[in-house]
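First subunit A sits with subunit B, and in the next complex the same chain sits with subunit C.
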Partner chain A sequence: MISSRFSKVLSWAYLIALYGFIFLPVVVLVLFSFQDGRLPVPPFNGATLKWYGEVFADSRLMSALGNSLMVAIGSSTIACVLGFCAAYGLARFMLPASRLQRGLLVAPMTVSYLIIALGLLSTFNWLGVSLSLWTVAIGHVVINLPLCFAIIYASMGDHQKNIERAARDLGAAEWQVMTQISAPMLMPSILAAFFLSVTFSWDEFIISFLLSRFDVTLPVEIWSMLRSGLNPKTNAVGSIVFLVSVALLLILELSIFRRTAKK
Partner chain B sequence: MTAPVSIRNATKIFGDFTALNDVSLEIEAGEFIVLLGPSGCGKTTLLSLLGGFLSPSSGTVEINGQDMGHVPPSKRPTTTMFQDYALFPHMSLRDNVAFGLKMRKIGKAERHTKAEDLLDMVGLKSSADKKPHELSGGQRQRVALARALAVEPDVLLLDEPLGALDLKLRRQMQDELKAIQKRVGTTFVHVTHDQEEAMAIADRIVVMNAGNIEDVGRPEDIYMRPKTLFSASFMGEVNFIPGTLGKRHDGMVDVDTVLGPVSLAETALRDENLTKGTKVTLAIRPEHFRASTGTGPRITFGKAKVTDGSFFGTHHRAHLEPVDAPDIVLTAHMPQSAVIEAGAWIDLTIDPASVVVLAGHPDTTRTEDAA
Partner chain C sequence: MASATLETRENRRAWGFVTPALLWTVAFFVIPFIVMAAISLATRKGRELVMAWNLDNYIAFFEKAHLLKGLFVSLEITFTVTLISVVLAYPLAWIIAERIPQKWQRMALIMAILPFWTSYVVRSYSWLLVLAKNGVINNTLMHIGLIAEPLELASTRSATVIGFVHFFVMLLTLTIYANLVQMPPNYRRAAADLGANGFQVFWHVVLPLTLPGIMVGAFLTFVLCIGDYITPQILGGNNELALPQIIMLQLGRRADFPMAATLSIILMVVVTLAYIACARWLKMERT
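Right, the complex of A and B next:
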């Protein structure tokens, strides 16, 4: 009796500690973004929205936010298109060394972003490509392509193979099968890959930092703000970044996973 | 539209497995052909050769007199109805049925009208805007049929299309399939392992086993006058009585069976070339046993003991142990009104016209597999 009550207390304590560990930093970040004072540290002096006002008035932050959205959407679109084509080829045709090819496509997931960024940096130097948002986007395609490929490839089953066969039987050419049958049929997983890829690109710092020059993405701009010390404004912009990520995940969950579960 | 099909000496080898062994078959325009056989008999391989999803290792396939040698599925005058229907899940029923027409660059208004006509034919006109996942199995099956017929193929290939339906719905869809085939006149080639389905819908049945065609003919012929032991046992319950062929005289032939000698009309022989002394088997359907009293010609195989019986609605099904060969178990269908008592003795009497004499002795393992 006692031991069962004890284990119940223990499991609750564990649960609270676990969620505390995960969410306390975020709670602190968001809370002190409303700090009425100059320092985002306790004690909390009362709530104000003025730091958010400053964020939206800061043209450099706003253009970095625009850049981030552009890079995230552009690179994720390219990663999804390339990932879909690779998955279609490897799932539907007998290709030489297809296991090895699949392995090579997914392998970059295990390499740290820092190493990928360094590799790309020296490649761009060697090719004489100057750094810009384009090079950042290329970096994000490199890190998100394996993810998009893996998600889309996993959703291509034999049942869909028969459906594609039916389309060919009814006279569809290969490109028509891909664009009119396979892609729409796999749209839930393609969108899942797209939104995950957007969140990863949106949050990514190291590659964006090393591969950009004049125009930067939001995480890089936040980093340069942090060099002049902590400030509730950095908390405010951090909260906005977090909010966008959460919103993307919610869209993903509600629109796509819910829909696939229904089918 | 409709067209004849001609398969000549088609062989298909996968690695060291011969899926089809020198198969030849002529199909007339507008015929409803059923390829019947157990799994692995080569029926689906043969269908894939017609559809162009496989090409033969040797031999030719002609449709409407044209060699289909290197013609891909999309360019053949055939469409396939798949077992899992393979409907496009993201399209409405109208777009599903119109897809083949869209690929043929038919304008939107025209193809939608045609699609709705076909949906009307299969009784789903009011559901044209629904998606496939909103339908029941039988309805999906109808959409798959409408979609395959929309492009007016010369030959429709049906790959066990009724396999996923429950028994009652399957019987209902058989009737619909047959009616629609008569109406559109397209040549249908239908694959199944269900012999009742085959008999219900086919103009001609092609019985296949181990990559070979065992028998081809009208359902009545295949059932009542099968050509081989395999064909006889696959088409339904049958009793095999092994024996040896004796001499012929005056249009009659003697057979020395394990249940004693009998004399049958020569027409009972399925192979005219069988000679005296060869091993043969008498094939008798359970419903052909007759009461010993009554009119008409009769032959008898002596007495048999009833070991058990059960009531099947249309008849009693009884197991019998012949006194002359107690190791053989015979199955007989008795009238509804009969009283079946285990241990009772009855006469094994039969109308000689319903007996078929087939070459060879049954290999017990094989017949059990087939049943």
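Right, the complex of A and C next:
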């Protein structure tokens, strides 16, 4: 009896300690983004929104934010379309060496981003391609395509196959089956793949850093802000990024995962 | 005959769906990798690349102490991080799976991963706020009078390890939790009925059954940790360099592309070896 109560107390203490550890840096980050002073460290001098104002007035940060959104949405769209088509082809038709093809498509997942970035950088240098947001987007498609393919491929079951066959028997052309039958049925997993890709691309640093030159994405711009040391403005940017990501996570949780979980 | 032509037409159509993705992967993943492997066999003459087609860079890696040390620093950090993360995450996953009411478990997991949705760069910076000389920990300790001088916490290997552990405890909690809830409760009951005490049930039944979850998480930890540049650069500083930091150094100041390519290939070989070592457990998860 006593030992069970003791273990209960112990578990709760452990839980609180670990959640404390997990949340500590985020709490410090957000709290000191409101710091009325020049250093984001204790003591807390009082609350101000000054640093948020500075973030929104910073044209470089704002253009980096726009670049990040553009690259994230563009590369995720391409990755989703390519991934969906490949999943459709491999799940619905008997192709030779389909195991090998699947292996090739998911292979980039097992390689460090740093190595993917370096490979692309060597190739672009060799071919004389100049670095831009386009090269960053190409890199992001490389890392997100395996993810999109794997998620969509995994959700293509036999249940949908029968409905597709019915549509085909009723005279639908292949592209009609794909766009009007398969895609709507698989929408939850397509959207899940898309939003996951967006968050990965939005947060990706090393590929963006190595493959961009003049126009940069947000993580690269934040990286260059770090050179000036601790600064409440960096806290403010970080808090905004956090808020946007949590909003995305909530949308994903409430709209897509919940719906698929019910099914 | 008729069915054969139908089949070829079907096949041609199927290739139409798969080819774009395959071409993308070959053009922007396979070929770049081959180019990089070729460059690792070149040498640098001034700012020019000369294709020498020899293994000089690889020999140099094993001969130059500061390069080889980078690999060992990376391996030491990675093993430390993996071990600490498993030890911290296992009880957490256990408590979430066993002590928290079922309907709150999902919420508890979402809460556990919430802080990781800030940008990776920002997360390392946040730890800097906590660990800096005038940061939260030093400030608190000095305030309550435990220490008189601020501790040197940032720019050390411990800072790198703390930053990594923070990230990977979350990851391992997820993989171990997934394994724990899959385990039928009867197994434990049966073991207990047969006279095993709490520790024996855990050691002989629960732990072996959750080993796949641990290994998957540990492998992911290993791969992501050893290839990461951000955390050691921001938190560890320049006192001792991890392998990715050395790779970036070759690209930046030294403009030694062949050496950067060589080190990347070596990094990849290490990751592949880790995969081979863990493959037995990783396969079980794939089904």
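Quick notes on this one:
Simple rule for what comes next: the second predicted complex is superposed on the first by the 261 of 263 C-alpha atoms of A that agree within 3 Å, B and C clash if a C-alpha of one lies under 4 Å from a C-alpha of the other, contacts with A are read in each partner's own complex, and residues count from 1 in each chain.
Just so it is clear, a contact is a pair of C-beta atoms (placed from the backbone, for glycine too) under 8 Å apart; a residue touches a chain by one contact, two chains touch by 3 or more.
Given the structure is predicted, the values throughout are model-derived calculations rather than measurements.
Superposition of the two structures on subunit A leaves subunit B and subunit C fitting side by side, clash-free.
In the superposed model, the angle subtended at the C-alpha centre of subunit A by the C-alpha centres of subunit B and subunit C comes to 100 degrees, rounded to the nearest 10. For subunit A, the partner with contacts to more residues, out of subunit B and subunit C, is C.
In the superposition on chain A, A:R168 makes contact with subunit B only, not with subunit C. When the two complexes are overlaid on their common chain A, residue A:I181 makes contact with subunit B while staying clear of subunit C.
Of the two partner chains, subunit C is the only one that A:E253 touches; subunit B does not reach it.
Contacts of A:G74 after superposition on the shared chain: neither subunit B nor subunit C is touched.
Shared-chain residue A:H159: touches subunit B; no touch with subunit C. Fitting both structures onto chain A leaves subunit B and subunit C with a minimum C-alpha separation of 5 Å. Across the complex, subunit A is touched by residues 10-11, 13-18, 20-22, 24-26, 28-33, 35-36, 39, 88, 91-92, 95-96, 99, 110-112, 114-115, 117-123, 125-130, 132, 134-136, 139-140, 143, 166, 169-170, 223, 226-227, 229-230, 234, 244, 247, 251, 257, 260-261, 264, 267-268, 271, 275 of subunit C. Within the complex formed with subunit B, the subunit A residues making contact are 159, 162-163, 165-173, 176, 181, 184-185, 187, 263.
Only residues 51, 53, 72-75, 78-80, 82, 84, 86-91, 99-100, 103-104, 133, 147-148, 151 of subunit B touch subunit A when the two sit together in their complex.
For subunit A in complex with subunit C, the touching residues are 8, 11-12, 14-15, 18-19, 21-26, 28-29, 32, 39-43, 82-83, 85-86, 88-90, 92-95, 101, 104-105, 107-108, 110-116, 118-123, 125-126, 138-139, 141-142, 145, 149, 174, 199, 202-203, 205-206, 210, 218-219, 222-223, 226, 230, 234-235, 237-238, 241-242, 245-246, 248-249, 253.
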